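The two complexes that follow have subunit A in common; it is paired with subunit B in the first and with subunit C in the second.
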Partner chain A sequence: MFQRMFRQALLLGLLIFLLTLISGCDRERAEERPKLPVLPLPLDKLQVNFPTGVFGANLSETVPGDIATVNPLVNESLAGSLVIGRILDSLVTLDPVDGAVIPNLAKSWEISEDSLQYTFHLREGIHWSDGHSFTAEDVVFTWQTFFAKKQDELTGENMMDSQGRPVYRYNSRSTFGQLINGQEPKVEMIDLHTVRFTTPEVYAPFLLFGGGEEILPKHILQDAFKNGTLMDQWSVQTAINEPWKIVGLNMFVLESYRPGERIVFARNPNYWKVNEMGERLPYVERVISKIVQDVNSSNVAFAQGLTDFESIAPDNVAWVRRGQKKFDYTLLDMGPSNSTNFLWFNLNPGTNSEGKPLVMPHKSKWFSDKRFRQAISHGINRKGIIRGVYFDRADILHGYVSPKRKFWYNEAIRKYEYSTEKSKKLFAEMGFQYRDNKLYDFENRQVEFSLMTNSNNGLRVEMATVFKENMADLGIDVELQFLDFNTIVTKTSDSFEYEACMLGLGGGAPDPYAGKDILMSGGRMHFWNPQQAEAATPWEARIDELMRQVGRHTDVNIRKKFFNEVQAILAEEQPLIFLVSPKDFIGYSNRWRNIEPTPLGGVTWNLESLWAEPE
Partner chain B sequence: MISFILRRLMTLIPLLLGITMLAFILMSLAPGDFLTPVKAQRDVSVELIQAIESEFGLDQPWYIQYYKWLGNVLQGNLGHSWAYKLPVSELIGQRIWATFLLSFSSLIFSWMIAIPLGVLAAIYKDSIFDRISAGLAYAALSIPEFFLALILVFFAAQTGLFPLGGATSIDYEYMSFGGKLLDRAHHLILPTLALGIGSIASIMRIMRANFIDTIRGGFVITARSKGVRESVVMFKHVLRNAINPLISAFGFALSGLLSGALMVEIVLQYPGLGQLMYQSILREDQFVVLASVMLGCSMLVFGNLLADILLAWSDPRIRLERKN
Partner chain C sequence: MTLFYIFREVFRRPLGIFSACVLGLLYMTAIFAGLLAPYQTNEQDLNRTYHPPTKVFWKDGGLHVEAYKLVDPSEARYELVEELSYPIELFARGYEYRLFGLIPLERHLFQVKDDIGPIYLLGSDSTGRDVFSRLIYGSQVSLFIGLIGIIITASLGFLVGGLSGYFGGRTDFLAMRLVEFMMAMPGLYLLLALRGALAPHFPSDQMFFVIVVILALIGWAGTARILRGMTLALRQNQYVMAAESMGQPPIAILLKHILPNLVSYLLVAATLSIPGYVLGEAALSFLGLGIQEPAASWGLMLSQAQDVKVFYLNFWWLLIPGFAIFITVIAYNILGDVLRDIVDPKMQTS
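And then the complex of A and B:
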């Protein structure tokens, strides 16, 4: 009798334990979600011209990887920027068709005669998602957070580092990204709806780089700013327990976040864009973003009709296309993408800590001869890579700028068509000779080198394999090294002990000056020989000068002239040997209306105007 | 008893010191650090990297970093995650329940199935049932967890009977309480299977061997000759004696409760501690890695301790105290 009772009690206890475990997974929220007040339409609302739709549909999509924070000052991940970009907004934005800088939170701006002062006029009557007014104070506050100095606790003076630079209180990407030649731009509030920036010198990309900063809400974050906890705000803990504390000006607010599972956005009831009938947008009621770990599972989810919008990897296009009828979606070829793939030789003349040269001197001699690099470039079968690796879903890349950036792309640069004869002619000019189909240099040493690339990128591994075969046709032995990404970064930016490397770059800001760290000889990402104290070669010196001009001129045609020359020099010298640029493919579910995809803006650039019949 | 427990817990101190130091050395030997992926981006300036390096102390040698970290831990501070800007304890707190739920359900699942199967296999020794169950057990033991998980993902994708991953459905937030329970249970089935099947096989084999050993005991003959019914002999006398060694196995199973699910969580995209650990190792988010290592190590010691205590409690012949 007693035993039976004991057993029942044990079972009951176990059941209760399991139930508490389950409910432990959804810990109750500390306070109730406040209801967002809906304020009258702003004076300076923006009317968008798309046919009127129906409100209330939910949109589902995937996010690549989990987020680590919702704080734009801390975020380093792509997933994080996508999420933050849905919530926060900036003064200016880019036109999805021609890529020009167009008004956003600022309705207009003036640039002074001397090109130093930028005066932005903000839209009046806009409210943050929690109903608080948006004013120039928020803009000034945002910039204050970038440049606030760390103060000595005893003396109260600004602290300096060993090189006499100020020590900043919050080390964010914007802090250092917005410095112009080491100096801070000044920001001042003229009135509640006007804000003026003064740059220390003429700096052409400021309109886009400075105006593109996401604006932070002063009324929410100023206490944290003062007590030093700004970087700890808007963490995933806030997103889980009190998502309403993350307020923004963009079309959505955070509704809930479950680590590793999903992020739900709700419509911002105080958004400042309206449709033709003067009704407040967006049409979408909720966006449900499922967190996935890689591109393939994201593509699978779309191909099974589970998500509404998706960019499809080139190697997945074929099988995703098969589901078009069954799951009623459309797959579009958007032309060339911003991604580039290239390889380069280590031109660093230095020695390692033991005094040994980083690259063997005789190899260094080959690599630093531009004819050698040109010969290699002629020897690469780029069409073969496109056919064999990308199944025709890529384009030949001739130079630094992807043809997608039509405006900045220089068509007239030197191109290296696939021709082993031309390669061999260049080698002959250098005094190299062939013996038993192997290439030997002028000192009778066999030509061979190693090429490293990151092992986790399957397409790049295949490209490297094609490259090895192409080089074998030239009589050159290439040893391939497939390494961990961190190892590659360490080798290319710290130890410099490698011979050649193949990597790629993604998007990046659309202004050519964004590439200054790659192109200028002192740059940290000047792959082939970074952080030079003084330009090592005359052509690098010329590029440095041209890039300075690109930064200094505000007339876009003059800038283009200078940047064309940069591209021409790069093509002639081949420090980076460009390979191919994959195409962009996007898919969207056919239940959505007002879809007008553009190569620059993709399919969701007009997300506020997209609508579907609610299910 | 108390002095035994204390002695056991004391061994935890050198163990934790050693294992965290090893983790620190290994992380400092691995190429790159937390900032390496940041360095690979084009719009990050040298100044920012230097500023963050000195903020995190990454510009110092590993033993100084270790010393500072140890000082913080002794004051009860496990440190801040660099990627999440959150105290590590909170971060682990977010994920620990999901993993605990999964491990616990697979533990219950495997024991509920393994013990009866083991008993039956012993009673009907050398029968067809015994042969089949032995064959299946060897098959289950030889399939690694992650591979089983992959097969299950494929099965779910083909049939659509089970969700492809995660712990809850998309519309979980809008469900009733009962609906939420069912939804969680539905998502738990595949990970539980993947995690539990391997241990079913091993527990079943142990149970069978013990049971067969015990059947041969003298008290079984006594009981039978007294005229006790066969079922009472088996389940009252034999089972109770045969289950003893499994109690210590249960303790070991507890030690793997939090760290054992790592592979399955990653393959089945189950949002638990394993995923967090895996990602922080990839990111080299130092303090999260160290806290997870310490958690795993402590669970192992506690599990073993619990196994010893349970054994002493169930078997009066075992004494934990040292004889004076």
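And then the complex of A and C:
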């Protein structure tokens, strides 16, 4: 009897517990997403000239890799910047055809005569996706977050580090990216729709680098900025639970996010571009981005007709092309890409912590002779690499600038065609000799070195084996080391204990000054001998000087002249021996209209005007 | 039960003959690799990447090989040229090699006469290297890795197991705790960690030995444990006691009186665990942590076949190393089974 009562009581208790659980869930769900208000079209709306289409289609795509945050101040990943770039927008953008800087959120700008002041006139009447109006205050707020100083809690004074530099409250990538030779640009609001930037010295890329900064919403992030939690805002948790809190000015807002699974974007109902009929864009209702492991699985999904737009790796083109009829898509060759592949010798003359030289002295002697590097460059069968490894879908890379950047590309630099005779002639000039088809230096040491590259890049591993065979033809023994990427980064930027390395770079900003970290002798990515206190060679000193000029001048023709000389010096000295640059390929599903791909903008540069019949 | 008896018994059973012959053939290929392979492992031909396998046929009183033409370099598509074929010369001169690593030779079983065209019995890979030659040279690594590994494992296992079983007491306690320590370690992670730590110090062609040693150093614990139990039992036998009372040193007793009793077990265990090494090498190389380019091994060759384009463009010949691994593992397992039947007739499998 008692037992039964006890059991009933237990059951009852359990029931009540479950009920509260369920109601708890309900209460949480009650806090549903707010409906976004639709405000009248802005005064300074932008009309785009594409034929009128039909609204309502969904776009599906794949993102290689998951996101770690949606906060642009914290983000470091490619997938993250892709997502953020869909939501946030910037004052200026790049012309998809010629790469010039064109108006975006700023309808126009003036640069003062001394090239120090930039005055931007913002579009009037634009609203954030949540209906709040966008003004110069947002721009000023965004730049405040970069340069807000950390203050001493007791005295209220700005804190300084040991070298007398201010300590920043929110130490983001932009904080350092936007410093000009260690000094901050000044930002001031003239009126609600005018902002003025003042740079501490003439700094040519400011229009692009400064104007390209994504604008943050002051009305959303101001509180977090004040109470110090700015870096924790817009985290993955926000994206999962309250995606509507992430507001932007670009054509989409975040609708939902499931980690490792998918990201869904919805149309921003307050976007500021309109079509010919004066209807608000974009046509696309939703973008559904599936998160996939890597580029290969992304390509496979496109080849099976599962996604709408895709950039395709050069070695996958052959089989992706086979599905064109069956799944009704088109594959386009967009010409050369931004990615470059190169190798270099360690020219660091330093010693390690035990006092041993980083590179054996006799090898260092070979590597630092430019004739040696030129001979190696002549000995590489780049055409063979392109034909064999890339299936003819790459271009020979002669110098630092990829042929894609037509404007900055210097055609007149020294080129190193494949010629073992020329290599051998250069070795003979250096006093090297051949015995039994092996190369010996002037002190009768056999010429051999090791080359490291990252093991997870299949194409690069193949290139390395081709390089080894090419060098064997020159009588040089190359020992290949395939290491994981982090080990390589440690060796090239910290311990410096290696002889030669093969790597690649992709993307990069379109302004040549963005390469100052690689090209200038003090740069962290001056691969062959980084972070020199003073330029080690006259030609490096000359490059430093030229790069400073490139940064200082605003006239593109003068800048181009300086940068051409930089390219010529690099080609003559061969500190980086460039190999090949793969081509860009894009694919799109044929159901989409208004597609006008350009090499610079790809296929989605006019995403707001793309439309398809809704299913 | 002598070794001779075991061998005789193996050859009296059809399965035994079959598996022993397959393995014999495989090892002979590995030993005579230089003679059999028409090309060196790293001989590239960037004009003939992903070349399909070429058939050999009889024409005009001699062997000939089909000729192919590259029709579409962007897709690596080749077409058969009907009217053209290259004559094959037997025992012809080719690249220099050393038979058994000693005798310098330059004759090969077959070569295309005057090297006017390629002979790719199993097609070519992503840099135009002959898959057949790489398969043969790769077998040296993949097959001998098991033999070398098992020798290390068996001797370590016998030493530790035999000594601790024989002496007992504190030696036994210490040795068995060491064994347990080894067994409790997650093998794959230890392997990865050791590989990561050692990789920068070895060039890719010495990686072979590093891998064997790592695999063997991880694998001896199980053998040691079983041998210790068997030694413990054998120790009670009167002939061991007799030898002891006559004052023979422990090592002599271990080798003379105990080892012969363990040989049959060791033989079976070794045969059955060699496939583990072959697969272990394949797994490591597949993960990009084993033998590295430009050296050849079956696991490495198989890892290059995991590229999507291999499947979509039907480069099926790149999967052949997987088939070779399959044959080897099956042959060793059958042989191991046969050996167990002979050694322990009470536990017959059929």
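Everything below uses one rule, namely that the second predicted complex is superposed on the first by the 585 of 615 C-alpha atoms of A that agree within 3 Å, B and C clash if a C-alpha of one lies under 4 Å from a C-alpha of the other, contacts with A are read in each partner's own complex, and residues count from 1 in each chain.
We adopt the following convention: contacts are C-beta pairs under 8 Å (C-beta built on N, C-alpha and C of every residue); 3 or more make two chains touch, one makes a residue touch a chain.
Everything quoted here is computed from the prediction, not taken from an experiment.
Peer 1: With the two structures overlaid on subunit A, would subunit B and subunit C clash, or do they fit side by side?
Peer 2: Subunit B and subunit C fit side by side in the superposed model.
Peer 1: So in the superposed three-chain picture, is A:517 touching just subunit B, just subunit C, both, or none of them (first/second/both/neither)?
Peer 2: A:517 sits against subunit B, while subunit C stays out of touch.
Peer 1: Would you check which partner chain A:487 touches, where first means subunit B only, second means subunit C only, and both and neither mean what they say?
Peer 2: So A:487 meets both subunit B and subunit C here.
Peer 1: Determine, for the superposed model, which of the two partners subunit B and subunit C contacts more residues of subunit A.
Peer 2: In the superposed model, B touches more residues of subunit A.
Peer 1: So, A:258: does it touch subunit B (first), subunit C (second), both, or neither?
Peer 2: A:258 sits against subunit B, while subunit C stays out of touch.
Peer 1: Based on the superposed arrangement, let me know which partner A:69 touches: subunit B (first), subunit C (second), both, or neither?
Peer 2: Touch partner of A:69: subunit B, not subunit C.
Peer 1: Check the residue A:591 against both partner chains and state whether it touches subunit B (first), subunit C (second), both, or neither.
Peer 2: Neither: A:591 stays clear of subunit B and subunit C.
Peer 1: Would you sort A:381 into first (subunit B), second (subunit C), both or neither based on which partner it touches?
Peer 2: second
Peer 1: Is A:149 touching anything from subunit B or subunit C once the two structures are fitted on A? First, second, both or neither.
Peer 2: Neither partner.
Peer 1: For the superposed three-chain arrangement, provide the angle subunit B-subunit A-subunit C between C-alpha centres, rounded in steps of 10 degrees.
Peer 2: 50
Peer 1: Please work out whether A:292 is in contact with subunit B alone, subunit C alone, both, or neither, and reply first, second, both or neither.
Peer 2: first
Peer 1: Quick check for you: in the superposed arrangement, does A:175 touch first (subunit B), second (subunit C), both or neither?
Peer 2: It touches subunit B, and subunit C stays clear.
Peer 1: So if I take every C-alpha atom in subunit B and every one in subunit C after superposing, what is the smallest distance between them in Å?
Peer 2: 8
Peer 1: Do subunit B and subunit C land on any of the same subunit A residues, and which?
Peer 2: Shared contact residues on subunit A: 300, 484, 487.
Peer 1: Going by the contact rule at the top, pick out the subunit A residues touching subunit C in the complex.
Peer 2: These residues of subunit A touch subunit C: 296, 299-300, 303, 315-319, 321-322, 381, 384-385, 387-389, 391-393, 450, 455-456, 458, 461-462, 464-466, 468-469, 479-484, 487.
Peer 1: State the interface residues of subunit C toward subunit A in the complex, per the touch definition above.
Peer 2: Going by the criterion above, the answer is residues 42, 44, 46-47, 49, 73-76, 126-128, 196, 199-200, 203-204, 288, 292-294, 304, 307-309, 312-313.
Peer 1: Quick one: which bits of subunit B touch subunit A in the complex? Just the residue numbers, please.
Peer 2: Those in contact with subunit A are residues 30-32, 36-40, 42-48, 51-52, 55, 81, 83-86, 90-91, 94-95, 97-98, 100-101, 104-105, 108, 157, 164-168, 170, 173, 180-181, 184, 266, 269-272, 275-276, 279, 284.
Peer 1: Mind listing the subunit A positions that touch subunit B in their complex?
Peer 2: Contacts found on subunit A: 14, 18-19, 21-22, 24-26, 60, 66, 68-69, 71, 74, 76, 165, 167-168, 171-173, 175-177, 179, 231-232, 235-237, 240, 256, 258-262, 264, 288, 290, 292-293, 297, 300, 484-487, 489-490, 493, 505, 508-509, 514-515, 517-518, 524-525, 531.
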